[in-house]
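What follows is a set of structures to go through.
Shared chain: chain A. Partners: chain B in the first complex, chain C in the second.
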Partner chain A sequence: MDLLGQLVNIKFYLLGSYPKGDVGGLLLNIIMALMALGLSFGAGALLGYSRLSCRLYIKIPSMAIVETVRATPLIMIIFWIYFFLPYIFGGNVTLFWSAVVSLAIYAAAYQSEIVRAGIIAVPRGQLEAALSTGMSRYKAMMYVILPQAFRIMLPSFVSFFVSLFKDTSTVFIIGIIELTQAGIIISQREPDKIYAAYVSMGIGFWCVSFAISRVARRLEERIGVFDLESIRPDACRDEFMLLPREKKTGEGMTPAACEPEDSK
Partner chain B sequence: MEFNYEFDWAIPFTDPYLGMIITGIKVTLILFAATTVTSLCLGTVIAIMRISRITILRAAGTLYVEIFRNVPGLFWILFFYFVFPELLPEKWGQALNHYSHYPVVAGIMGLTVDNASYVSDILRSGRLAIPHGQREAAISTGLGRVQQYSHVLLPQMFRVTLPPLGTRMVHNFKNTSLCMAITAPELTWATQNIESLTFRGIEATSIATGFYIVLAGIMVSIIILLEKYLKIDVSSINQSSA
Partner chain C sequence: MIKFIATNKWFKDRHVLKNINLEIAKGEVIVICGPSGAGKSTLIRTINKLEPIDDGEIIVDGMYLSDPKTDLTLLRAEIGMVFQHFNLYPHKSAIKNITLAPRKVRGLSKNQATDRAEKLLDKVGLIHRRDAFPVQLSGGEQQRVAIARSLAMEPKIMLFDEPTSALDPELINEVLDVMTSLAKEGMTMVVVTHEIGFAQKVADRVVFMDDGEILEEGTPPDIFVNPRHQRTKEFMSSVFHIPIFDANQEED
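Right, the complex of A and B next:
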């Protein structure tokens, strides 16, 4: 019954104090996740592609960036962006933008891994065929490899979005009134109904990420089946695994050829 | 580039603060070790439930994963810290609230239930990757249900899923930093504490960030080494089973 009582606060959970104040609540979580994903997409694709480069002076720095960000807890990135960079370099960062930027930095590292895996997953024959028709490497990448790679990546992107959405809950630590903070505020307002406030907060997160993860699963089923069964010939199926883990032997011309380890 | 900040690297190494950082590192490692063990155990149990033939067990396992995977780990940490004592009988709840290490315990519980759902998902996909012949061979040598799992299936499940499991554990290690939200005195909390006491948190935070990066790097390299050491030639298995 306490749970039904929380319906009074449903607007605060969903929108924060929106018409009078800033947008907050669940909507803010979704906005932050979408913006972080959008902002980081370019950087992520660039990093992922340059990790496949055969030129060490491109490959090593991008690898270092990605691995460093991936090894840092999100909460640390948030602290760095919000508290310390303004300290060091001066200037002011608003709460919202520092949250979005730190989420974007975090997302870029993970997206680069998805992009890299997607490019590796495109069969090598595709690049060879494109090059043999006289396309330049750039054109082959743009018109042949990347369109296919993005199809393969799409399910991973959607499931990454679920995890990014859940990670937006972390930014409550700097005092943004998103769903977690909203729940905490309400639970402090009504200390005898802590349980109801937290459960409603959880239900909010659960509904959104359950819905998106369903979409991800649907995409996985559709795209996975389409790729493996109808485009790719049966004869060399093991070349076409979605995430090849083993190093390909023999010399090839793809960027993947110089990619020694599929780390972790 | 102009710096508005003068670094003072002596601060994190002076008396009360150095102790905070060391305690923080200890608590972080305790959280990580404990959650790794517990979430592997819980995750294995749930993975077995999800692949079992008994419908109720399978439904319960799926329900667990659907509930726990779709809610942030931070929520479970907060849940176990603030809500769990309320749900218990009053006496126990108060005992928990007065227990001075309860933040750490609540953090372990929250991280465990969150991580276990991922672990069970990974292990389940590992079970699907094992050829049927393995199970049939186990049955034909006369192993019972439990022995089939303990001697034949589980070791292979862990082997096949080592890379994703390892990534998950690194993720879990980073997630221990979320426990600062419930004032568990782990490393991130310690740096924020130093920041609020001295207004000079950058040095401590740099040290903490470095610690996380180095330890995650060490874990990744251990996993890569293990992976090489334990690698199964999948193609040979498939050939022999065909």
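Right, the complex of A and C next:
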């Protein structure tokens, strides 16, 4: 009942004090995630790509950047940017930009690893095949290597985006009224219904995360990710389970679990 | 058409091509054989400069490979290459595998490239598999598509590096048949293979390599039946199960 009671606050959960004040709530989480992704995509791809270089003066700087960021908790990055950005750009950096820049830096480092792993996973023979038909290195990358790398990357990219979206909640710490902060404010207004506020926040994050992975699956099927089986949430492999076998099937790798019962 | 002049290559301190001298005429079919690690793949890959050489010169259709000004894309557009593991583009259908390079390198229109690709698919007997993706094709079918992909650039030379050694025995012949008809049409071919039947039927010359060197070269009977070097004899008997049959001894 308390949970249904939270419907009164739904506008605050979803939009913050918009349109009277700034956009907030869940919409702000979505906006921050998308902007961080947009800002970091190019940098992340470039960092991942240059880390593959054998030239140390290209490889080492990108490696240093990526490893430093990855070794730092997101919350530290948020604080650093929050305190240092005003030094560089003067006092007029808004909370919003400070949050988006922190998330973008964090996202760039993780994306670079996804890009690097994706490119490196394309078999060597593919480049040789492309070059041997007379393609330049650039054409081979554009038409043969990157399209394959992209398909390999897509599943990890999607799960990264879902985590990035959830990580946007961390910026509540500098006082941005996104979904978490909105929920905290509501729970403080009505301390007796505190659990209802926290469950509502959870539902909000869940819905958007679920929607992202659904949309992503469509996309993955459309562009033909090679290993569709592995991203199918309903895929099952009973033969890997170290449990007594349920059905009378062989020890082999038969797709036993998903087959109908014997017709004997 | 192809000329190796005192070519040497090292991988670190390993001398993998030792003073190679070899001349291959237009329309000739050369089979290269020899034990694993002899440098056969390295040799064939130097012809389109997938492997650069350290010393000497290779001249392919008038282009000097050690000259840094040689345009590698022009060179490679004239040389088709077929690999042991096919290396088809897994994200493209058979027909798109074939049309990619003609469109992007030769600048053919989509229709021109598709027409050409369909003719080639027909030639390798796979027109009915036109829209299949590589994962849906058998090894033999994949290799035939790979051959068609190379031919679509209308190359002057075709290189084959063990094109059938990743195939099940019953699929080997379909690939060798395509290669045989290609040879009959007068294509210049350099083939690394241990398919003795193919070599005897199609090769103009057989080159035997061992430990980075060309140990001997000659007509198929010269090399298979009547080799001069003990090393060649041993290899032939072990790989081809040809009994060591010494013609010289018989003449004695």
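The rule is simple: the second predicted complex is superposed on the first by the 206 of 264 C-alpha atoms of A that agree within 3 Å, B and C clash if a C-alpha of one lies under 4 Å from a C-alpha of the other, contacts with A are read in each partner's own complex, and residues count from 1 in each chain.
Here is the rule we go by: contacts are C-beta pairs under 8 Å (C-beta built on N, C-alpha and C of every residue); 3 or more make two chains touch, one makes a residue touch a chain.
Everything numeric here is computed off the predicted structure, so don't read it as measured data.
Novice: Have a look and say if chain B or chain C is in touch with more residues of chain A.
Specialist: Between chain B and chain C, B touches the greater number of residues in chain A.
Novice: Look at A:Lys139 in the shared chain and tell me whether it touches chain B only, chain C only, both, or neither; answer first, second, both or neither.
Specialist: In the superposition, A:Lys139 touches chain C alone.
Novice: What is the contact status of A:Gln148 with respect to chain B (first) and chain C (second): first, second, both, or neither?
Specialist: It touches chain C, and chain B stays clear.
Novice: With both complexes superposed on chain A, which partner does A:Ala216 reach: first (chain B), second (chain C), both or neither?
Specialist: It touches nothing on chain B or chain C.
Novice: Of the two partner chains, chain B (first) and chain C (second), which one does A:Leu28 touch, if any: first, second, both, or neither?
Specialist: It touches nothing on chain B or chain C.
Novice: Which partner does A:Leu131 reach: the first (chain B), the second (chain C), both, or neither?
Specialist: In the superposed model, A:Leu131 contacts chain C only, not chain B.
Novice: Applying the touch criterion given at the start, work out whether A:Ala36 contacts chain B, chain C, both or neither, answering first, second, both or neither.
Specialist: Neither partner.
Novice: Applying the touch criterion given at the start, work out whether A:Ala71 contacts chain B, chain C, both or neither, answering first, second, both or neither.
Specialist: First partner only.
Novice: After the superposition on A, what does A:Phe83 contact: first (chain B), second (chain C), both or neither?
Specialist: first
Novice: Residue numbers of chain B touching chain A in their complex, please.
Specialist: Its residues touching chain A are 1-5, 66-67, 69-75, 78-79, 82-83, 86-87, 163, 166-167, 170, 174-178, 180-181, 188, 191-192, 195, 201-202, 205, 208-209, 212-213, 216-217, 220, 223-224, 235.
Novice: Would you pull the chain A residues touching chain B in the complex into a rising list?
Specialist: Residues 67-68, 70-76, 79-80, 83-84, 87-90, 162, 166-167, 169-170, 172-173, 180, 184, 187, 194-195, 198-199, 201-202, 205-206, 209-210, 213, 238, 245, 261, 263-264.
Novice: Quick check: in the complex, which residue numbers of chain C touch chain A?
Specialist: 48, 50, 72-74, 76-81, 83, 85, 87-91, 100-101, 104-105, 146, 149-150, 153
Novice: Could you please specify the touching residues of chain A with respect to chain C in the complex?
Specialist: Spelled out, the residues of chain A in touch with chain C are 123, 125-126, 128-136, 139, 143-144, 147-148, 151, 224, 226.
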